[in-house]
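Note that chain A is present in both complexes that follow, paired respectively with chain B and with chain C.
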Partner chain A sequence: MKVHVDGISLDLPAGTSAIDAVFHAGKDVPYFCAHPYLSPVGACRMCLIESGSPRKNPDGTFIMEGEGDAATPKIFWFPKPMAACTMLATEGMQIKTAATSEVVAKSQAGMMEFTLLNHPLDCPTCDKGGACELQDRAFEYGYGASRFGFDRRHAEKHYPLSDYVILDQERCIHCKRCVRYFEEVPGQEVLDFIERGSHTFIDTAEGGLPVGFQGNITDICPVGALLDNVARFRGRNWEYDHTPTTCTLCPVGCSITVDARNGSLERIVAGENREVNEAWICDAGRFGHVFASEGRLTTPMIRNEDGQLVTATWDQAVDAIRAGMVGLDAHDLAVFLNADSTLEEGVAAEAFVGLTGLASVDHWPRQPGYGADAPTLTEIAQSDGVVVLGADLGEEAPVLELRILEMLRGGLLPAEFHHGTAIADLRLVERPARKREKLAVISSKPSRLSENAGFTAQLDAATALAGLTGSSDNAAVKAATELLNKAERPILILGAEALSSLSGAARSALQSLTQRTRTRILALPAGANARGLASLNLVPRSGGLRYDQLSQARVALVSRLDPLAEGQTRPRFLISHDTHLTATAQQADVVLPAVTNYEKRGTTVNLEGRLLPLRPAALKNGEAADLIRALGIVAEALDVKTGIRGIRSAQTLLSERLGVNVAELPIHGLIAPLGMRYDAPAAPYTPQLWKEGMKRSDPVYSAGMIELPMAPTFVAGDD
Partner chain B sequence: MSYFADKSELVADILSRYPDSPQGKRSALMPLLREVQDAEGFIHESRMDEIAALIGSTATEVRSVMSFYSTYHTLPTGKYHLQVCSTLMCALSGSDELWDYLVETLDVQPGEVTPDGMFSVQKVECLGSCGTAPVMQLGDDGYYESVTRTRCDALLQAMRLGSAPAVDHHPVPVVVAEDGRQSLSSGEAAGGSTDALYPLTHAANGKQP
Partner chain C sequence: MTIAPPRPITSAKDPRFAPTLYANVGRPESWTLQSYLLSGGYQAVQRAFAIGNDAVIDEVKKSGLRGRGGAGFATGLKWSFMPLNDGKPHLILCNADESEPGTFKDRYLMSEDPHQLIEGMIIGGFAMRASLGYIYIRGEYVQAAERIRAAIVEAREAGFLGKNILGSGFDFDLQVHRGAGAYICGEETALMNSLEGLRANPRLKPPFPAASGLYGLPTTINNVETFCAATQILKYGWEWHAGMGTEKSKGTKLFQISGPVARPGIYELPLGTTFRELIFDWAGGPLEDIKVIIPGGSSCMMLPYTEAILDTGMDYEALAAAGSSLGTGGVTLIPKADCIVNATWNIVRFYAHESCGKCTPCREGIGSWMVRMYEKQVRGQGQPGDVQLILDMCDNIGGRSFCALADACLSPVMSSIKLFRDEYDALATTGKPIYPARKRWREA
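So, the complex of A and B:
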């Protein structure tokens, strides 16, 4: 299909909207209401263009203009400027933007004048200032001066819609993005326009916004009407250091941008990854970052003569470990790391374990897996039958929930152009019909997703699994079996509850089910990088201790895990590598300061098996170091020489192993085979998305527990 | 107290007018709102929740649709809900003065109801009876046309006694004579004059009010 934009000829696929044609040509048109992952509605009327198309005679020939050979098809122009986002580009269409058409330039400036009519001039105190679409577009396309001297509309300002989102009704320009987002993406009709005409404002009658995915409206609001209340007044956009990285709160691995100011993590916004999170992240990922800048451990700590934890140097920490290990050797050491540790830390731990020959190594949380051929998130969104078994996706992998809801509305992934994802994909419609009969959710307790499912049952996972692979009297289980049988691309999602109850018999029954129905199985990893770490030998060797057997160990290095808070007792000598003075760290003999995943360089593997890069944000963390360094310290105390001393050597080893240069992963990641999976029996585990310390209101902050027992001087010693 | 709890037949009847699909069901929103307003004079928040549950939607959605129409009331209305047209033609014919007189006489503001529960007032946009301005609408019964101060007094008096006078049924269109005067097809003069409302006594003796 040939389309001409400002004289530039383009070859575009059918179904392209005029706004995408303009951007594909490298031209610009202002817009506020269009959004790549939402239906185009033409609400803001900013994307005006002049357009015209050739017409055909009844006999199928074009109506021509000109004489003889010079004749060209006559272009019939629309009498008035048209909104480009809701107009389909057609064969031979001519489009003029403000660059070539005075009519367009004037009408856009006029529209801008209308939009600014009631917009308050509080840009200097508005958090959006400097990153505001309205501000930028008013500068580019507006008149520059206002002709309106009268009072502006007054409405509710600083009105908290929830704990996380604050609404300023005066700033709203009625683009309807937030309303459409809630209706189309999580399927919750909680926001809408109230009143009409110039009185229109955004509000809810539900007494708040549902926790889950509400924060996304603060990303898509083109003005400062909906603001992130956690980041409010914490910094101006140009003051932030923006670090695009990957979220490691759950195994989905959403693309995020971490905004830090003066070494403090102030804001997280969603990044776009078409294959993973599209443009959405969950509330925990967006708002639950408070711990990264509050009460961090910045130096190593050791016990003094009085048994008090005091700050120390790394050398003193080495000495303290060496002293604690007198009479013990490396085999007495147990190494336990968090399952959100990077692959680099994983290979370092694996190498350390190989070198010292210790048997007790484990990562947590960890669950048995199932199969290696996991469907991708896009395949799930484009599936035609999904059964979710024994999973609470809201706790285990929230954004997967959105991709499943996308499946219910047809799994339309907007097309891609030169400028990125289509700005207005005309296949996306308002109030999409949802095919709920394509989803069955079976778990022991109701979840958020089950409200959208055609078939639900409250059954324990083992019974449901037996019913699914065998026969069952339960109507929902029967329907789920039917769904898997009938669908062409069926997908079964197994959560923590299902995986922990997966006996050998259930496994083989499941295998025959997958062969019979060609069902693809997604086993949700327990930790953010549990799938990646499972491909490294980080499970107990024979005779080794599991994480839940910590108390039997003589010496343990526990990295970013808090077993003592979970009721375990401490081993004889405990080395804690953590970001905060947790219950475990408080009891430890040596505390090594750790970096959070926001400050790490490394690689993580999401539930699809996609390698995703972590990049370090500029956060103040003192001497905090990653697990590679912590292991190096322990190795030094044990007088062994590790081959992996830093991120570079870890990445070299990892790249050789995976056949992928992990140091230069694209930000959107790539799927690579991970090799064999190391499994070992694991203790049952209850997934929990929001952890202690992620909210500013958490008792850990109010109780003064973040105050570190700082000694005024360093421990007297070697100098 | 639920309004629709004992009216399952009525609800079924209303729902039966629309397609039996989640989208179709939502179409019943307007008649259900109307049903509540006709019975109770306004729609309370609890009723919005109730309607939302009936049509498989949310209270936000119900409030959004409802607030779009100025004729759905969120606040209680009196037995006689008087709506004064305030658009151009009526304004020229003295609707502002009529409104002030009405509000003063009844001692009631928009959104309020007189203590006896009889009257509530509202300013509305063009009622489409410009030829008989100023116009006052009673509930959704009909118009009182050419409402002068005297007529207003008479109307309120009758309403206070418990029976609202019949609304006017003036045939349209009116005939416009050469001199610009309008008359109904019956020959009766149409439209009010500000002279009738406010006799220009000050003009006669050369004083400004």
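So, the complex of A and C:
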């Protein structure tokens, strides 16, 4: 399909919208209401263009203009400028933007004047200032001054919709992105316009926003009407250091951008990764970063003569470890690391284990995996039958829930152009129909996803699994079996509950299920990088101790885990490598300060087996170091020399092993074979997304808002 | 030898003319089934069943009937857009959300002759293979809604609605839905949203209602008068209907006249009747000097009250040629002694109040700004340059809004400025209107 934008000829696929044609040509139109992952509505009327198309004669040929060879199809121009986001580009269409059409330039300037009519222009005190679409577009396309000589509309300002999102109705330009987001993506009808005409405002009917994915509206709001309350007034956009990295809260591995100011993590916004999280992240991943800037350990600590933990130098820590290890050797050491540790830390641990020959190595959380090639998230979104078994996705992998909901809407992934994801994909419609009959959710307790499922049952995973692979009286299990048998691209998702009850018989039954049907199985890893660490054999060797057997160890190095808070008892000598003075660190003999995953360079593996990069944000962390360094300290105390001394040597080793240059991984990641997955029995594990310290204890708005004193109450009686 | 075509009827004074749409209005108990049957009711639907659905659409096509809601789209063509054999239930909708200022014809059609509409909807439903029809009635029309509801019950009991109507094998039923008072609900897709229980915002087109309308099903929506006209076409035949009116505007139309005339009200006249006939012969002539004719509801361009305009026929083509439109046939006269800015403010205020808030030019341009520019003028606070600013705003709003509501507001604004620039300029520069505010003519 040939389309001409400002004289530039383009060859575009059918179904392209006019706005994407303009951007594909490298031209520009302003827009507020369109969003790549939401339905186009044509509400803001900013993306006006002049356009015209050739028409056909009844015999199918184009109506021509001119004589002989010079004849060209006659273009029939629309009499008025049209909104580009809601118009399909057609064969031979001519488009003029503001660059070549004075009518368009004037229309856009006029529309900008209307948009700004009731906007308070409080940019100096607005958190969006400097990153505001309205500000940028007003500068590029506006008149520069308004001819509106009346009072602006006054409405509710800085009004908390929830603990996390604050609404300023005066700043709202009614693009409806937030309303459409809730309706179309998580499928929650909570926000809407109220009143009409110039009184129209955004609000919820019942107060509050549903927990889970509400923070995304602060990303897509083109103005400062919906703001991240956790980051509110914490910095201006130009003061932040933006670090695009990967979230390691769960095994989905969403793209995020970490915004830090003066060494303090203030804000996390979603990054775009078409194949993983599209443009959405969960609330825990967005708002649960408070721990990274509060109460951090900045130096090593050792016990003094009185048994008190005191700050120390790294050399003193080495000496303390050496002293604690007298009479013990390396075999007595147990190494337990958090399952969100990077692959680089993993190879360092693997090398350390190989060198010392210790058997007690484990990562946590971990559970027995199921050895199958996982389907990708895109394949899940485009599947035609999903069964979720024994999983609470809201706690295990929230964004996977959104991709399953996308599957119910038909799995329409927007096309990709020179400028990125299609800005307006006209296949996406408002209030999309959901094919609930394509989803079955079976678990022992109801979850958020089960509200969207056509078939649900409350069954324990072992019974359900037996029913799914054998036969069952339960209607939902029968329907799920039917779904897996009939669908073209069926997917079975096994969560923590299902995996921890996976018997040998169940494994072989699942194997025969995948051979009998086209079912592909996604076994959700427990930790963010559990899939990657399992491929590095960081599981107990024969005779070694598991993480839950910590108390049986003589000496242990525990990295960013808090076993003592979970009721375990300490071994004789305990080395804690942690970001905070946790219960375990408080009882440790030596404490080594750790960096959070926001400050690491490294690689993580998500549930699809996709390698994703971590990049370090500049946070204030004193002398904190990653596990590679911590292991180096222990090795020094044990007088052994590992080949891996830092991130560079770890990445060199890792790159050789994977055949991928992990130091230059693209931000959207890369699917590469990880090799063998090592397995070992594990203790049962209950996933929980929000952990202690992630939330700010005092919501910020209460400090910034004035509360009027209550009027005195009169008590009838005495007089 | 060819037979000379009969002279078209373009005047209600023509002896061959007899009212049909309004024939029953004024009879005692005209809204009951008994009265309707006595006047020959429910014969049209029997004829429709006899000739079959495609023949009904063909008959309506040949009759030249055009939508009476204002846009004037060919009804038969619209009916033929409904998909055939697509396996989905089809719906038809009756737009009875009559909200255009100056328009009040449907109200009496529904409250005085509800069976005529019901019969028209059965015919339409039969032609378009629909199984259910909705009547979306304006919330303020309490009596009309009650009469329609009662009439539906009567019709159902008499076997005109329900399963296997009159032994034809055709199943059809009607539902009444009362609106909650929004002008935008007269826009077909906003009406559908409202009927579905959503916010009354217009939807994106395409998909057009015939492909995906109410609840995503193929839907056709027509005005009350259009369905009533379909009843008359099936009753008297297409030749009768096509014999009235001008070459491209066929049939009769309910014209409403309001303003300072002796007998304001509703008159059924053939299309092409002149303003002069309506105003002088039927409405009894103006009671004072007139300066403006609004030909078809407030969203039409104002026309000057001149001899030439008085001799213009009220049909789609002639009014388009005169720079306005037939609209709903709601003729409003504005007296010479009224300030045009004040009169236009009255209209602009209506549209500002009724803007749905979806798109920027209408919500901000009309709803926030235009109405206050007028208020400023009328309060005597205008400044030189204000009229030019209003015209520039019109340029920035016109054709750029999502639906036609904003353009509907601009018609009276632009036409009144074009016709009476002197009044605007005088008010803006001196703060005093040429025609000061006075008591309403009724009280004078």
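Throughout what follows, the second predicted complex is superposed on the first by the 696 of 719 C-alpha atoms of A that agree within 3 Å, B and C clash if a C-alpha of one lies under 4 Å from a C-alpha of the other, contacts with A are read in each partner's own complex, and residues count from 1 in each chain.
By our rule, a residue touches a chain if its C-beta (ideal position, glycine included) is under 8 Å from a C-beta of that chain, and two chains touch if they have at least 3 such contacts.
Just so we're clear, the structure is a prediction, and the values are computed from it rather than from any experiment.
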**Request:** Sticking to the clash and touch definitions up top, decide whether chain B and chain C on chain A clash or fit.
**Result:** clash
**Message:** So in the superposed three-chain picture, is A:690 touching just chain B, just chain C, both, or none of them (first/second/both/neither)?
**Reply:** neither
**Request:** Please indicate which partner A:314 is in contact with in the superposed arrangement: first for chain B, second for chain C, both, or neither.
**Result:** neither
**Request:** Name the contact category of A:196: first (chain B only), second (chain C only), both, or neither.
**Result:** both
**Message:** Taking the superposition on A as described, I'd like to know which of chain B and chain C A:150 touches: first, second, both or neither.
**Reply:** second
**Message:** Going by the contact rule set out at the top, does A:48 touch chain B (first), chain C (second), both, or neither?
**Reply:** second
**Request:** May I ask you to name which of chain B and chain C touches more residues of chain A?
**Result:** C
**Request:** Please indicate which partner A:433 is in contact with in the superposed arrangement: first for chain B, second for chain C, both, or neither.
**Result:** both
**Request:** Figure out whether A:678 sits in contact with chain B (first) or chain C (second), or with both, or with neither.
**Result:** neither
**Item:** Clash-bearing segment of chain B relative to chain C, given 75-83, 183-191 or 201-209
**Value:** 183-191
**Message:** Can you give me the overlap between the chain B contact set and the chain C contact set on chain A?
**Reply:** 192-193, 195-196, 431, 433
**Prompt:** Touching chain A in the complex: which residues of chain C?
**Reply:** 182, 184, 198-199, 201, 203-204, 216, 352-361, 363-365, 367-369, 372, 376, 389, 392-393, 395-402
**Complete:** Per the touch rule above, chain A residues touching chain B in the complex are 188-196, 203-206, 431, 433
**Request:** State the interface residues of chain A toward chain C in the complex, per the touch definition above.
**Result:** 40-46, 48, 79-81, 83, 86, 106-107, 110-111, 113-115, 117-118, 147-148, 150, 153, 173-174, 176, 192-193, 195-200, 430-431, 433
**Asked** Given the complex with chain A, which residues does chain B contribute to the contact?
**Response** 22-23, 45, 48, 57-64, 67-68
